[in-house]
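Okay, got some structures for you below.
Both of the next two complexes hold subunit A, though its partner changes from subunit B to subunit C.
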Partner chain A sequence: MDLIDQILIQTINGIVTGMILALVASGLTLIFGIMDVVNFAHGELFMLGAYVGVLTLSATGSFWLAFVAASLVIALLGAAIYLVTLRPLLGRDPLTTILATFGVSLVLQNYALWQFGPAARKIQEPITGHFSLFYLDYPYYRLVIAALAGAIMGGLWLFLKYGTYGIWIRATTQDRVMAQAMGIPVPWVLAGVFAIGSAMAAASGVLYGPTVGVNYAMGIDWVLKAFIVVVVGGMGNLGGSVLAAIFISLLEAYASLWVSPSQAVIVSFVALILTLLFRPTGLFVATPK
Partner chain B sequence: MRDRRLLIYWLGFAVVLALLTAAPLVLPEFWRRFLTEILIWGLLAMSSDLLIGYTGMVSFGHSAFFGLGMYGAAAALLTTRPPSLWLALFYGLAAAAAVAAFVAYFSTRLRDIYFAITTLIFSQIFYVIIFTSTNLTGGENGLNFRRPALAIPGLFSIPLTPAALHWFVLAVVAGSYLILRRITQSPFGMVLQSIRENEARTRAIGYPVERYKIVAVMLSGLFAGLAGVLYAIQNQFAAPDFVFFLVSGETVIYNVIGGIGTLVGPLVGAGFFLVLREGFSRFFTEFYLIPLGVIFIAIVIFLPQGLLGFARRWLNR
Partner chain C sequence: MSAAAAIAAAPADPLLSVEGIHTYYGKSHILNGVSLSVGRGEVVGLLGRNGVGKSTTLKAIAGLVRVSQGAVRFDGRAITALPAHRLARLGIGYVPEDRRIFPLLTVMENLRTGLDRHGVSKARKAELVDKLFAFFPRLAERRNQLGGTLSGGEQQMLAIARAMMLEPKIILLDEPTEGLMPRMVSQIREIIAALHADGVAVLLVEQNVPLTLEAGERIYFIEKGEVRHHARAADLRVDDPVIHRYLGV
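Moving on to the complex of A and B:
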């Protein structure tokens, strides 16, 4: 159990958590980059996604069905939240969207507490095999999560790059008025983007559910981390978010070799502050002169 | 014309002050305590209004200042015998000021959403530090202490009964309101408001905007720390929950509900929110935040000026 082994294990752990975090954060950054909405309720969508997963899993017994159902249900919920609370705020100061989504997050979190109670629920992992990694039995499932998260983000990237609707989304980001003039139904594009972002949060919730318990407060930690990642990676920059997520998770994983995990969080806070001070547009974006 | 308006304003102020002073004599124990609490949260909200309403910077990190005020007071009350109210105030304010200076130095380099996120992260840093240093702060359990007496050594000493505490809190909050009002009307406050209206132009005129912002955050943090000290004295404990960012979020909610840029509005917002919370918690038990959240969202959308927004000009006269 020497240091090198531990560092290697923490590297793998860091990358696995980093991929999930990247999935959460890329939903957030998609929503911010395209709609100028800072979605405080993103963590709650993550949490509710995990709960929908728990319910579907106990009803049908299929993890993958639960995964799909959670993504679809939360996508619809996201679109509904957008239409009810964010549509009316379009064109106002982006800060008002923080306030509105903060209200949404309070409502959703307490709704979950009311419906599901304070006790943590468990999602059974679909793949139970282990392989030996130095002195540990490392579950295969963790590698599957990382791969799936990577696949989803790759799919999103391809969709934005080549899909017709993806091109609509990018056009809306660049110039909302011009996109509208070209016949792109901008309000629907925005609702769609919010739905996609929400679905990604839900998907990560279900994927990550088996490794920790599902409980009503699990969203808070994730939304804070996702905020850090989004800022470190550059607001609205998808690739930057992915890199930043892995970077931050690795930092925390290494830090937890020496301090307790709850204190390791401070490392990522410090990383955020340093980024804001020296490269306020994000670590992986050239700072405009 | 102007004189008459001012007269009405001060008359209104005197009436409200008189009502609040008389309140503990007529209210039952529970509501007396509740009113004192509203005043304390109102002071916290007012302190953050200096940033949100007057400088145009939304802070999501006021829980850090509030919490450090609490723990500062706790430190004074636990280490000195007999516990001294003035020392508690001094320690609490010093702790809050130190944290505010630190936060202000870094966060004021950023604007808008970035400022909000940075202050949020800073408050979480202090939360984690306080939560994990169990030896010093009691960790999750927090610290308990006794309420000090209101005393000047050699002159007099009054035990802080609920009524006496209410009057003490009222005096501090009313005094803070007058000071904050004076600050917002001073040349310094005018510069802050010009930063809110047009930062680039303020800079172009030649005001060192960063320095003004730093001082604004520090002042705001100082008053938030004062609220923290009062809350610690009232409830006789300090707990990490009060450093958690949900407290900051609630502070912003009070501001938005009551109307930013009015100073009185945040206090009214705190009262409105807490009374509703009390009412809802009887019907919905612990899920009172669901209807409150809905009301808050509705206010953000339909009443962006808040409850007292209509009186904004008049209150700043």
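Moving on to the complex of A and C:
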């Protein structure tokens, strides 16, 4: 086991984790970018997505059906959460939306505990093969995760860049009042964005489920890391979030060569603090003049 | 001009009629019963000093400011309570004072915010864009440039062009010549004439009195949130006592 091999393995691990984290964080940053809402319930949407995946998988036996079903169900749940808890708070102090989404996260977490119990459920990965990577049997599925996460984010980018609804979303982000005056149905755009962000959280939950097991608290770690990523990448900056997710995951992966993985988390916080101190607008955006 | 003559000048079956609207910003009473009307394809000017409620009148018509009393009727229906995006689809184009181009959208994407509506065929969209670019060659050259990088005059062109993509029946123009070079001001005059020739009504708020008298058919004078006077543009001169009285120029 020489160091070079280990570094290469950790690079691959870091990128795979980074892609999933990017998928979680881009949902979060999309929602923040368009409506200035910091969604503390995002981790629970990730977790519930994984549970919908577990249930669909056990009912149908198809992982891919579970993946699609989880995204759709959680998209609807996200839109409902938006309509019921956030829409009435639009235009109020941002603190009220933080409290509201935090409340939603507690409700959803405890609902999952009550409904599914504390024991972790397993999602069987759809692809079970391994290939040898230096001294390791590396599962193909982890590469599939990274590729799929990348494909979803690429699809989102194309949608935002070229689609009519993508232009509506970007126009609404830049000037909500003028977007309305141009006939863009802003209330629907906001609900739609919340649904898309939620679906991305659910998709990541199902994709990541097979590697860790699904339990009611699985969202907490992810949402914390996703918040670090969103800040380090620049609030509301989609491309920045993706880069920051990979950057943070690589840092942690390399750090865990020398310390235990739970200690390696410290480097993300260090990165967060340094970013806030020296580049508060984000690592990957040009500093505004 | 007598009150009877003023009423005679207003259209019998207006496209837009504003009937005694009141609006508030917080506790301050901005519009105090504004009434006016605009006929189909008619160019109407709205003059008054700064801060008397001209911009607020346009915003209230566009649905961007809540009307707490009074009514707005457009094309034969009451629209007072409709959300702004519905009004835009009904054919009310709004060009705000500060232009409010989407800075991070390209010129073409800015246009698409108004163009990409349900029920507009691809061919019709292409036709509208071609016609627009023939009229605004500067925008055609810059179609892939970000809105925020355009000059002030180009942004004003884009703001008007963007509203035209809605195929509106009326365009609400808020101080389109503000901060523009004289050459651009005469271009604004041409644009208003072209809209008029196309049968689009214009409600024009301006500080530029000569332009307003030249472009408009009728002029409303607004003071302290109320319409105080109403006259045919042809009956007014730039140095008219009426102008002095309401604008203090």
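Assorted remarks:
The working rule: the second predicted complex is superposed on the first by the 289 of 289 C-alpha atoms of A that agree within 3 Å, B and C clash if a C-alpha of one lies under 4 Å from a C-alpha of the other, contacts with A are read in each partner's own complex, and residues count from 1 in each chain.
In the analysis below, a residue touches a chain if its C-beta (ideal position, glycine included) is under 8 Å from a C-beta of that chain, and two chains touch if they have at least 3 such contacts.
Just so we're clear, the structure is a prediction, and the values are computed from it rather than from any experiment.
Superposition of the two complexes onto subunit A shows subunit B and subunit C fitting side by side, with no clash. In the overlay built on the shared chain, the residue A:Ala120 is in contact with neither subunit B nor subunit C. Residue contacts after overlaying the shared chain place A:Ala147 against neither subunit B nor subunit C.
Once the two complexes are overlaid on the shared chain, A:Ile7 sits clear of subunit B and of subunit C alike.
By the touch criterion defined above, A:Leu76 reaches neither subunit B nor subunit C. Touching more residues of subunit A than its counterpart among subunit B and subunit C is B.
In the superposed pair of complexes, A:Gln180 makes contact with subunit C only, with no contact to subunit B.
Within the superposed three-chain model, A:Ser260 lies in touch with subunit B and out of touch with subunit C [touch as defined at top]. In the superposed pair of complexes, A:Thr164 makes contact with subunit C only, with no contact to subunit B.
Superposing the two structures on chain A brings subunit B to within 18 Å of subunit C, judged by their nearest Cα atoms. Note: no residue of subunit A belongs to the subunit B contact set and to the subunit C contact set alike, using the contact criterion stated above.
Contact residues of subunit A toward subunit C in the complex are 164, 167-168, 170-171, 174-175, 177-187.
Considering their complex, residues 62-64, 83-85, 88-89, 94, 96, 100, 102-105, 109, 112-114, 116-117, 162-163, 166 of subunit C touch subunit A.
Per the touch definition, subunit B reaches subunit A in the complex via residues 58, 60, 106, 109-110, 112-114, 116-118, 120-122, 124-125, 128-129, 131-132, 249, 252-253, 256, 286-287, 289-290, 292-294, 296-297, 300-301, 304. The residues of subunit A lying in touch with subunit B in their complex are 38, 85, 88-89, 92, 94-96, 98-100, 102-104, 106-107, 109-111, 113-114, 224, 227-228, 231, 260, 262-263, 265-266, 269-270, 272-273, 276-277, 280.
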